[in-house]
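Handing you this structure, nothing more for now.
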């Protein structure tokens, strides 16, 4: 029931916020803020109310099921484990951040804006909760549409093209996923006689286990575009650059995560054999992404475009972690999702605040701001450091886990992923230099010394984000424990070291019947 | 006392937290108390811990403390745990002691700076991180300290942000050291995945058990660790960042870029000595890198005119000595040199800082001169520091530590006479540039009146360090002088065993001593203001070429600029629009073209459309017919 | 007695084809409309023939609906013709080609 | 009866052909009326007297009157500018297509075999019963369509926005 609440809060909040426009724009903002905060609170309640996960896999801590279209085996089935709840908590928090970031930026059609924002959040929440593939696709499309309008209506100068590009890329991936879902549905029905979209039923289904790589690739297409994996990334910089700040925060912090979540929740468990076949390519795509994103961030002149490419780099680690085939790497990938949501969300927030103050995102026209904006510099430094993987902040732990997990599978991929940290350092220090330390631009722009520094709610949100990153960097164990159980089927080895392979196989053979791993062994081929 | 070990790094970190959160609201006086006081308290605590440790050494020669589990995934875990053994004890004492002196000095040196509290916040963060680095029992925690000190170095080099050159120097330092850091990270990954543990000690013992001497995997791991050490300790080929790092305030150079952070590489190799012991090829590489670095840096120091750059190159050179010692398996000798070097090099920087402050931040030695009588205290302490750097025989600490290294470089079973010769040449060079600094700065005609003398808060650290630059060597007087190897005896307990000095040590020392004296004498002949010898030498074509090479640090900067920096930038600029994007744009154009091709069908004429319908009907009927 | 039925459908087919040719060939809107009337009529003839064959009234009913549709179509169509003439000063369908992509 | 049917069919086909090929709209209109009258005779021969009457009254009468009025309003005469359609390039393709279609239809009809039974006359009463019984809703819909047609024609036929455009 609480899961239904999680889903309804942003939906209802969006409608209420729109309705509140008849009162005043401020009422809209407060309504939206409360809705996002409530989402966070409910997620926290769900976290604490169901501490013990159910037996079996996935380790759901809460479920909600209602009939939707029983004739076709479609049910409205929501389910959450630690990973989902952590990501939904992130959703609520970034929702708050998005509303705060829009406080001064959005002045046109305020009600509609917050409606779209909250519905995008609702769609993301739905993806994180969906335990029915039809529902998954429904929510997947639902989060796409408001995002399109956020970019197309409230974006910057080139918004229409960017929004269209975003829509075409994600929709192309989404339609491939629809085909794959339908094929899986039919294949499962033909094999077993039970036509259902239910996730747990399809899990371990002979149809899915014996499915060809093409079926898995349908899912992979949607998730890899959303992630985005190189070379499917070109929509991201444009979308980020043109989106309003809140849109960027939601896009980077949450929508990209839905792609990563899809890999962890759907592709890997549903198609173990096909995933193993895809893995080598995915690993190299991830490694290429880490380097290429970092490399491309460096020459960008547009601050938001810059941050967008850093996202490409980070999501490369997630892709590596997802396909490394070890529990260490999967946990790292999941942790990276949380950390990246915080660090990049914060960087977009800062970019928006800078744009608000300096009136430009062009780094060529920014410079020497340290004297005028010391607090902004401090925050930027902190989040850039997180972004470049400084130990003590969350991203490092996540990236280390990913690299440690992949090392025994492919040392070369791990080495490339580590080498990307050099490129990250280059873009990180360059950002700080170019905007804050470097020479101020030629006169003619606004007097930099009179720019107002970060204060109030923005600073508060950033402070919470910093605290979160430090917590995840210094004592991530609570988060690690919560998400670890859900990241992969229980038969995934901790570290895929060759020496351990034999032992793990032995353990799997001993696994008691009844758990999915065991059941799968007996499944008819 | 020992269970309080965790508080040693915690105190400076607490100071950082206070200053970082509330620094702007504190008075400069309070900032100074918090900033310097936290490190001084850490020193007091460290001294007490050291006393307890020495009085009753814990079982196994080390005290371990696990604070909390960082993370654990399926049985593999990283712990936030500390390990105090003689090696880390020496580093802890040096870091806290020199740190508190330098911070005391800074309270006066940085007075009036608008970012006074920011300076102390970062210095405290540095001290805390450095202590975490040397106390870490886990590779990952060590790496945390490792990166955090690099961060502080970056922040403090660029401290005076109004000059963009400082920002660029900071960038360079951070990026260049990151290259080494990544090597270290990959090394840690390799050790972790192969040995299944992140604990330094357990990894070392498992490595020795699992890998035979000379195993490829051990060599790769050792080489990667060496890569990290080379970056942090500014050794060939990553030495280029340290001379530029002098852009930071002088106390920063004294503490971070001379006494402590740059010796982290030495610490790391000493700590993982067991790994290098089973990778003889890499161990030899350590020595060779050290020898080459000490020569190149020594020559480069000869030609610099910036007083801090001379000191920086000398630091690189002295670190080269330490690497030679590590490479021949004499880790305790390396640590001993680190110990004395921390005192005399910090002293030299603090003295240089006093001079620079008196010259209003002018660092060019050729603008100085004749300060001997105007700044007597600075002169005497600085000269003592330089004498110790030059290893003036018998009376300075530097002599004893360097002598030990020179001796080990050929007497050790892994030593080689070529290493020894390189060391001897290096000590002549050291004598030359150390004397040159003193001569150019303090002798000759007075070129500029100093604008102020160091006050008590600057003088006390300088005098204290001057005393230590002399007496610190007496803890390790060689056997032929009737001394006992106290220091190496202590540190060696936590390190691989070393052979004791043999006959011939005295002769070797004598040769080195004579060379040092000769070097000082020739420096007087070459550099004493008013003598034309050097000018004539530089005027010859060969002399000019050499001078240019020395001044440019043998052109490493230019080479890296041409090979790495500029191609990277050019390629990046070229790729700003993303090479992948045009592929999608081409797909879009293809679709548009297809649309254009079909456009011809769209005539707008009703009868054409009707014709189309008619064709459709015909086709359908044809299908019906032919069924 | 089956001659009508044997011939009814072919005649309807021929009329339909001729109507179609008219629609395709003629460019005068009014003539095009007339050709459409022919086609509708041909369809109706087919209905009626089939109704006669089976002895059911449905064929004639369908023809009645065809009549109604034709009436509506002609009234709107001719009104449109007037407007087209106003707007374009021509009745040539080829010149009224604003839909050209 | 059968002779009347043959004659009417011949008249209808011939006059339709002429209608399509006459350049003058007025001539075409006259041929169309002849064609419709021919069709009415065919209906009669097929045992549908009611429809034959309606065909004459509504089609050849009312609808054609509409055409006549429009032709008068538009003042259409024989137009020289429309003579170029007579060039074979303009009509060969469509004519061929129409011919193919016609042949296809005839082929299909021929392949269905000859009819086995003769015409059964259907009284108007049965048509009415069916119309207001089974097809009542369709009749209502048809009436709505006619109403819509009237409204549409009225709306479109108004001239107030007329000449000013273009």
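Residue numbering begins at 1 within each chain, and the chains themselves are lettered A, B, C and D in the order written.
Just so it is clear, contacts are C-beta pairs under 8 Å (C-beta built on N, C-alpha and C of every residue); 3 or more make two chains touch, one makes a residue touch a chain.
Quick caveat, the model's predicted, so the values are computed rather than measured.
A.B. asks: Give the label of the chain whose average Cα location is farthest from that of chain A.
C.D. replies: Ranked by distance of C-alpha centres from chain A, the top chain is D.
A.B. asks: From the Cα centroids, identify the chain that ends up most central relative to all protein Cα atoms.
C.D. replies: Answer for the innermost chain: A.
A.B. asks: Centroid from C-alpha atoms only, then distance chain A to chain D, rounded to Å. What do you get?
C.D. replies: 65
A.B. asks: So how far apart, in whole Å, are chain C and chain D when each is placed at the average of its C-alpha atoms?
C.D. replies: 5
A.B. asks: In whole angstrom, how far does the Cα centroid of chain B sit from the Cα centroid of chain C?
C.D. replies: About 94 Å, centre to centre.
A.B. asks: Per the centroid of Cα atoms for each chain, what is the distance between chain B and chain D, given in Å?
C.D. replies: 99
A.B. asks: Could you list the positions in chain B whose residues touch two or more of the other chains?
C.D. replies: Residues 607, 611, 614.
A.B. asks: List, in ascending order, every residue of chain A touching at least 2 other chains.
C.D. replies: none
A.B. asks: Considering chain D alone, which of its residues make contact with at least two other chains?
C.D. replies: Answer for chain D, listing residues that touch two or more other chains: 93-94, 97-98, 101, 105.
A.B. asks: All pairs of touching chains?
C.D. replies: Pairs flagged as touching, ordered by label: A-B, B-C, B-D, C-D.
A.B. asks: Spell out the residues on chain D that touch chain B in their complex, using ranges where they run on.
C.D. replies: Chain D residues touching chain B: 93-94, 97-98, 100-101, 104-105, 107-108, 111.
A.B. asks: Taking the touch rule as given, give the residues of chain A at its contact with chain B in the complex, in rising order.
C.D. replies: 230-231, 233-234, 237, 295-296, 298-301, 327-328, 331, 370-371, 381, 385, 390-392, 396-397, 400-401, 403-404, 407-408, 411, 414-415, 418-419, 421-422, 425-426, 429-430, 433, 436-439, 474-477, 480, 484, 494-495, 497
A.B. asks: Spell out the residues on chain B that touch chain C in their complex, using ranges where they run on.
C.D. replies: 599, 602-607, 610-611, 614
A.B. asks: What residues on chain C touch chain B, complex-wise?
C.D. replies: It comes out as residues 20, 23-27, 32, 93-94, 96-101.
A.B. asks: Contact residues on chain C for chain D in the complex?
C.D. replies: 1-11, 13-22, 24-28, 30-31, 33-35, 37-38, 41, 44-45, 48-49, 51-61, 63-65, 67-76, 78-83, 85-89, 91-92
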